[in-house]
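Shared chain: subunit A. Partners: subunit B in the first complex, subunit C in the second.
Then we have the complex of A and B:
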């Protein structure tokens, strides 16, 4: 789980240009995540872990923090 | 100090239709715009385009508003985004412009606020769907049918010659010999359904030229609401002489996608927008460019995905109905890709190109690969992360397509 979180944080920082993203950072409120970087994150995760993420699952409830994203991914793997 | 969010999109290009309608609106109503603050309703991509065109005409007293309150307090390249309430309270010396493409609800909003269209506010519309449907209806017999996305319509803000790729192709092939059905964000599912609609109308092309844009073949961008064009699908299905049930079902599917896909707010943190001045930089930041390049080109092409299945259906339909197909891959700013990713870019890109070529050849057709014909100087900007070219680049693309059409004609 930690490895997944670290990967997500790395990709969020790459896409946003913002350093120091935390597991509990509010990704939308803090404007770290937007639709383009969400697609990028989805693409990177799919490539890294060999899973498919339906776009209908890309909702705020699943992507609001790193912890939420990691939990969602763990359930899909 | 709290960072102010810049919602500007890295604009180096604009659709020819948008450019024309915005410019015409401002020039034809010059006395209404001069000396006024211009309040643009819609702080998105098209709104940013409006501001660049206005700046080119010397207007810099620009403010934005948007119904998305998350954007209030932000900026578009220094121009503030204010609340709708504040915007509507500013009546003195203000002229409003609606920048949202499907902005009828905003038009109603302004009318309900007591503003008068073409006096207090302007709603320049390119009427893209109406033009597309009109072209769809134009009778065709053995002409060349071309389908693609915004690459056919966008021009660079830096271009002296502002002919779009569509216009250049019409000049080279003759207006009567070519039909162009192009729309931003359009991909293979739409191409299939529109082509089928044409055949159902009795319009069979001699050659079907179709753009294969990796942006619509990999990743998930093609599933976003902005790429669905539900209204257009319905307009086209209603145009067909007999009810086109397959097209109606496709329109319903696009409507479902618009409802179910929520990831659609375009805001980014470190983009820079091109300006029209000679000193403009217009460079898209490296971090943003990497995101674009990955999304557009580098995720592995899945030959089982929907878009590729539709491509196969198009090619099989062509064989069944006996017309030729010229699928082509547009230019990619490979030098920028290499600059950002080193050899990893070409490795990922080549993998996808090879997979796509195999799909096309399996169905018995030849893929025209224009990937590397343009050096970075031929793109809208040296850092352009997609296929948007300048006039010289567009001319080269048109030349290559026409050469291939000649070669195909000789081989018949």
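Then we have the complex of A and C:
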């Protein structure tokens, strides 16, 4: 689980140029993610873990924090 | 015709008082409530501001923000919305240009690093009941507004590295909005889905079309544009009829196959601008909404929202250009060639600069006389009397049907995600990062590339740049180079860099 979180944080920091993204950071309120970078993140995650994330799963409940994304991925794997 | 937008508001509040004026995720307000609330805010603001002063508002868009905006307008002042998420440096540059003494913000925002001497007014403190005397003062202020008084200032990218504040008065907005709601049949029955951030003038069309007609503004928070299905669900749930959106926002719904999950059924008007709409995306929309009104509108902030429009019929062929069409009434839009001679409509495919004259031409840039005089000039075709035109710097031509088409920019300004951006401004920001010796920005296949020569690694550069530039101006790729190619004149060879990118793509 920690590995997944680490990977997500790394990708978020890369895409946003913001350092110190935390597991509980509010990704949209703090504008760490936006309509473009979420596509990038989804692509990277799909490639890394060999899964397809369907459009109906790209919702706020699954993507609002690093913790939420990691939990979603864990359930998918 | 109404003299100020306050009379739009007054008429609508009297006629449609109980109708919903605006709604966001957590609240909504009727026209009557909005009228009364903004009166109170206005009464509380009077002591801080003389008439015709710009009032910076550091707030995200919401019903509360709308009531603050109207409070400012009723006080005879002009509103300047600033996105609180902008980098500190840019917020300060804007406040310095405005020479502001006060800003209005929310208690929950901690604003640090503002220019010295600026005092903060919390919007929560502007909602205390006002006295009868204050109420009369507000009425007096409303009565004294002239139609040439500034209504808002919108900041746009400036090539010198300093953002430019476009000043727009009541008369220009009334001139434009009257045509806009009439041409596109916006009425009190409409629900306008507000996509645009309020520090961009696309929002002017949402806000003032609604207040003119009694329609409702459904405010859509930025985050929805990351979740296409939730966005479509919101449009369906709130029964949105009208989308006045940036092209890139419309494409979020069409490119992801969202319509196969959910097709918001109330949509009947789709009006777009900001960049060139890809024909395949337009066709996807058209197939979903064969009966809807689709309009391509065009124009920079400096001429008040838009100056031309083209109502699109049916599907287009791949490779066809969606025209920007013809001028709104009471505006003159024409092409000048390099010798400043008029290009006639019947001359098809002849390139020239798009120029605009009319009441909707704005008052120029705030606190920037030289910049204003460079872009707002005497019409070179008129030697007899004073007639100011705005030279857009956009290159256009007429097609065989006599419709105007957009071709490209004259300089290094680009249209990206609905914003007009000077590549020069991005480059100047890079020079502020230590260790960078040379920088060149290229716009290629809808992405911004920054080529950098220097001793810094790209991650550090991106981090530094974020402190200076707003998100939408950040290059998607920063590429470290040993040196930049030069052309025969000794200038950076931009075409060479494009070739470089194309070669990389092939690998």
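Please note the rule applied: the second predicted complex is superposed on the first by the 77 of 77 C-alpha atoms of A that agree within 3 Å, B and C clash if a C-alpha of one lies under 4 Å from a C-alpha of the other, contacts with A are read in each partner's own complex, and residues count from 1 in each chain.
What we mean here is this: a contact is a pair of C-beta atoms (placed from the backbone, for glycine too) under 8 Å apart; a residue touches a chain by one contact, two chains touch by 3 or more.
Values in this document were obtained by computation on a predicted structure and should not be read as measured data.
Comparing subunit B with subunit C, more residues of subunit A are touched by B. Of the two partner chains placed around the shared chain by superposition, subunit B is the only one that A:42 touches, whereas subunit C remains out of contact.
In the superposition on chain A, A:77 makes contact with neither subunit B nor subunit C. In the superposed pair of complexes, A:18 makes contact with subunit B and with subunit C alike. Across the superposed pair, subunit B and subunit C both touch subunit A at residues 14, 16-18, 31, 34-36, 38, 55-56, 58-60. Chain contact summary for the complex, subunit A toward subunit C: residues 14, 16-19, 28, 31, 33-36, 38, 55-56, 58-60, 63.
Residue ranges of subunit C in contact with subunit A, taken from their complex: 85, 222-223, 225-230, 252, 256-258, 261, 417, 459, 462-463, 465-466, 471, 474, 476. Residues 14-18, 31-32, 34-40, 42-44, 46-47, 55-56, 58-60 of subunit A touch subunit B in their complex.
Interface residues of subunit B facing subunit A in the complex, by the touch rule stated above, are 5, 219-221, 223-224, 260-270, 285, 287-288, 290-292, 294-295, 299-300.
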